[in-house]
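Both of the next two complexes hold subunit A, though its partner changes from subunit B to subunit C.
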Partner chain A sequence: MEIDREDGRSQNQLRPLACSRNILHRAHGSASWSQGDTKVLAAVYGPKAGTKKNENPEKACIEVIWKPKTGQIGKLEKEYEMILKRTLQSICILTVNPNTTTSVMIQVVNDDGALLPSAINAACMALVDAGIPMRHLAVSICCCVARSGLVILDPTKLEEQKMKAFAYLVFPNSVHSVLPEGSPSVQGEPIENGIITSVTHGTMSVDDYFYCLERGRAASTKLSDFLRRNLQQQSTNSSKAG
Partner chain B sequence: MEGRLANAWRLTVNDKNFIKTALLSEIRIDGRKPFEYRKISIKFGRQDGSSEVQLGQTRVMGIVTAQLVQPYRDRPKEGMLSIFTEFSPMADPSFEPGRPGESAVELGRIINRGLRESRAVDTESLCILAGKFVWAIRIDIHILDNGGNLVDAANIAALAALLTFRRPECSLGGEDGQEVIVHPPEIREPLPLMVHHLPIAITFGFFSNESILLIDPTHNEEAVMSGRMTTTVNANGDICAIQKGGGEGIPQRVIMQCLQLATSKAASITKQIKDAVEAFNTERALRKIKRHPTSTGVDVREKQNQ
Partner chain C sequence: MEIKQSSSPTSFIDSTVVPGDVVLDLSSMTNQTIKLGGGLRQDCDAISAMKAGTLRFSKPNKYWIESSQKRYVPCVEDTVLGIVVDSKADNFLIDIKGPALAFLPVLAFEGGTRRNIPKFEVGTLLYLRVVKANFGMNPELSCTDASGKAAEFGPLKDGYMFETSTGLSRKLLSSPTCPVLEALGKKLSFEIAVGLNGRVWVNAASPDTIVVAANAIMNSESLSTAQQIIMVEHLLKNIQ
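Right after this comes the complex of A and B.
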């Protein structure tokens, strides 16, 4: 069953990705991530002394501030902040700098579908740029289920509105290990098969959901490669000394 | 929150003295002369009405959106223009999220005065149905990076976004002509806003020594200077607004000197904005042509036979 997507992409094709790091001067780490026309800017301010009232002072705390393109901050922005915070808390090593707060600020430059996944990818790159210690990176993708039952990846805003259901999925990035025993595994499965975050909208059957996970996982390897190439290229270019 | 205050950035005494001593010999720490502007780069997003301006290390984004609303009772034939500024904590660790601080409010007011009160944007052309429906234009200014002189950069961003914004065309319909039909952009080409002139804000910095005068301060210089003045002028030489809130007292002749300087700078910045907007408009027109591959070409051979 073939589906005609407006921009001529196939079912599993992602939009063109573009990423640049170290674009802001005051922020300790910054990154801009764009998937097609969706563009998000992320900035990180490194560990500051003290944690907020209800946070555990024995661990580092991550604070997320989400700024929409236009309009007041409402419940949707608060929900995105919470999802981003929990995702980043699971990938950062929180025991390294106890009793500190790392602030992550997200600014939406343009929203053309798959906004939350782009923001998670941008935040990850910004954390790398700031030098925050992390266990592994997170790659995020949006899969949606059409009314016909077909699963497509990385929808535009128009496609998202026409779909029956969609899911934002976050996976750990694929690991290239230099150790002879290979990449670390959890209960016999390689670490990149785990799911860090999954947010769904609309109704879909269990089979559809598992199919989405499979497709998402396959696409996340492509995203991991893109991230790795990008990070290796830019690390030879500039340093933030001074 | 104490967490933020603990990391407030302060310039050391040595740094401050160095900046002041260098200025006595007319040298600025980034190598500029006292009356030289930093490099301005104006970029646009894919959508109409979104601009990103970089003034040296300062980075500001401007977004323009429009909505149909009911006009004010005492001005039934005029549209509305409102400016929202938020100092994002992304730009500077000392900016707090939530309610805008006093410098954010001041920035919004300066830009407001320059655009609205000088009638740079024609609000009467925004009226669709007097007393019922007018366009309310909303300008959102997001400060992304604070490298000093946010007012000037934000003003340029607002102007660039306004010049590239297109509002949907609407017509009156219905039985008694009281209904407003908004045409989507695919059916009817959206219209640009009527902007009469471009008010440019130019900021000056004053120091305790009367002979030192700066234009376009960086944020290191802002921490050292003892007074500032923002003049909003346009390329025709009209003064749209002057803002000097407290700080060092300045003699009249210095103010006259500033105004003359501002007018000459405004001319060059106006030209830069207009060039950037024209480049965007040509690119937009090219994109529109590419979007219609189904248009039939003219068959030249048939004409030759006739």
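Right after this comes the complex of A and C.
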């Protein structure tokens, strides 16, 4: 069952990715992430001394501020902030800098579908740029289920509006390891088989959801490679100096 | 079943690693003591990276991740430039661009007694040495060297302070002398203090010299040796 996507992509094809780090002068870490026409800017400030009132002072605290492109801040922005905060809390090592706050600001530059996944990817790269200690990186994809039952990846805004249901999935990145049995495992399964966050909208069957997970996980290895190449390139650029 | 040796091509030394990469396997290195520097953490028998950067190894047993950030991670025996934020009865509170404010004991000066406590205003720039940097505690600083002498530590008067990344500070302090400093030093006379926390202070007789020196240093971050020399020549041509 073939579906004709408006921009000619196949079912599992992602839009062109672009990422640049260290673009803001004052922020301690910054990154801009674009998937096709969706573009998000993330800035990280910290770690700074002190935590908020209701936060545990034995751990670092992460605060997220989401700024939409237009309009006032409402419930949707608060929901995105909460999802982003919990995702970032599970990838950062919070015990390294106790009693500190790291602020992550997300600015939406353009929204053309898959906004939250782009924001999660941008925030992760900005945290790497700021040198915040992390357990592993997070790669995020949007998978949607069409009315015909077909699953497609990385929809544009028009495609997202026509879909029956969609899921934002966040996976850990694929790690390189010197261990003979490959990457470290948790209870017998390699880390790459885990999932960090899953946000679903609409209705889909359980089989459709598992199929989305499979497709998303396959695409996450491509995203992992892209992140790794991006980090390698920028580090060789700066090591040419002096 | 094949057993991979850790000195095979999968060794990550001098290559870029990403948070999560397992860079050392301790189960294959019994009877050795290894020292882990910044950016690495231990998870039972596997050492994994916490930051993105280049993995470095120095004989006989030190491993660390080299990366350049805008914020500083306090380390003992580092020399840093701090700014006074507040003063308490026993300590000055100093900002050193780290996760917590640092304390400078009021008596940590050469010949310091309760009678001659220096009075630093909020905003004073000081050249300091990190004495203690323990987990969970505020770092402690001192204005003397290990033997108690003043040795150039203390307030820096006049001049201009600017912020850089920690990588650039390390390059400026490397030996042999960094190319940009050598090229500037051939034509200009200026005084410079470099803090490993990403702050640099420059002072000279005339403001022109200070501005040229500061701009040259800020521009030199991503340039190679030859490019740095050309950049400095270009800047100096415009003022002479």
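Here, the second predicted complex is superposed on the first by the 235 of 242 C-alpha atoms of A that agree within 3 Å, B and C clash if a C-alpha of one lies under 4 Å from a C-alpha of the other, contacts with A are read in each partner's own complex, and residues count from 1 in each chain.
By definition in this document, contacts are C-beta pairs under 8 Å (C-beta built on N, C-alpha and C of every residue); 3 or more make two chains touch, one makes a residue touch a chain.
Everything quoted here is computed from the prediction, not taken from an experiment.
Novice: With the two structures laid over each other on chain A, which partner does A:Ile65 touch: subunit B (first), subunit C (second), both, or neither?
Specialist: first
Novice: On the A-aligned overlay, A:Ala130 touches which partner chain: subunit B = first, subunit C = second, or both, or neither?
Specialist: Touch status of A:Ala130: second partner only.
Novice: Quick check for you: in the superposed arrangement, does A:Gln11 touch first (subunit B), second (subunit C), both or neither?
Specialist: A:Gln11: touches no partner chain.
Novice: Check whether subunit B or subunit C contacts more residues of subunit A in the superposed model.
Specialist: Counted on subunit A, the partner with more touching residues turns out to be C.
Novice: After superposition on the shared chain, which partner residues are touched by A:Thr221: those of subunit B (first), subunit C (second), both, or neither?
Specialist: neither
Novice: Output check: A:Ser20 vs subunit B and subunit C. Expected answer is one of first, second, both, neither. What do you get?
Specialist: A:Ser20: touches no partner chain.
Novice: Once the shared chain is lined up, is A:Ser198 touching subunit B (first), subunit C (second), both, or neither of them?
Specialist: In the superposition, A:Ser198 contacts neither subunit B nor subunit C.
Novice: Mind working out whether A:Lys52 is in touch with subunit B, subunit C, both or neither, as first, second, both or neither?
Specialist: first
Novice: Counting contacts the way the document defines them, which residues of subunit A are shared by the two interfaces, the one with subunit B and the one with subunit C?
Specialist: Shared contact residues on subunit A: 48-49.
Novice: List the residues on subunit C that touch subunit A in their complex, please.
Specialist: Going by the criterion above, the answer is residues 3-4, 6, 10-12, 16-25, 39, 41, 43, 46, 48, 50-54, 67-71, 73, 99-101, 136, 167, 171, 174, 178-179, 220-225, 228.
Novice: In the complex of these two chains, what residues of subunit B are touching subunit A?
Specialist: Going through subunit B, the ones touching subunit A are 1-4, 6-7, 45-47, 50, 52, 57, 59, 61, 63, 65, 86, 88-93, 97, 138, 140, 142, 144-147.
Novice: Which stretch or stretches of subunit A touch subunit B in the complex?
Specialist: Within the complex, subunit A touches subunit B at residues 24-27, 30, 37, 39, 41, 43, 45, 48-52, 65, 67, 69-71, 101, 103, 105, 107, 109-110.
Novice: Residue numbers of subunit A touching subunit C in their complex, please.
Specialist: Within the complex, subunit A touches subunit C at residues 28-29, 46-49, 93, 96-100, 128, 130-131, 133-137, 172-173, 175-180, 183-184, 191, 227-228, 231-232, 235-242.
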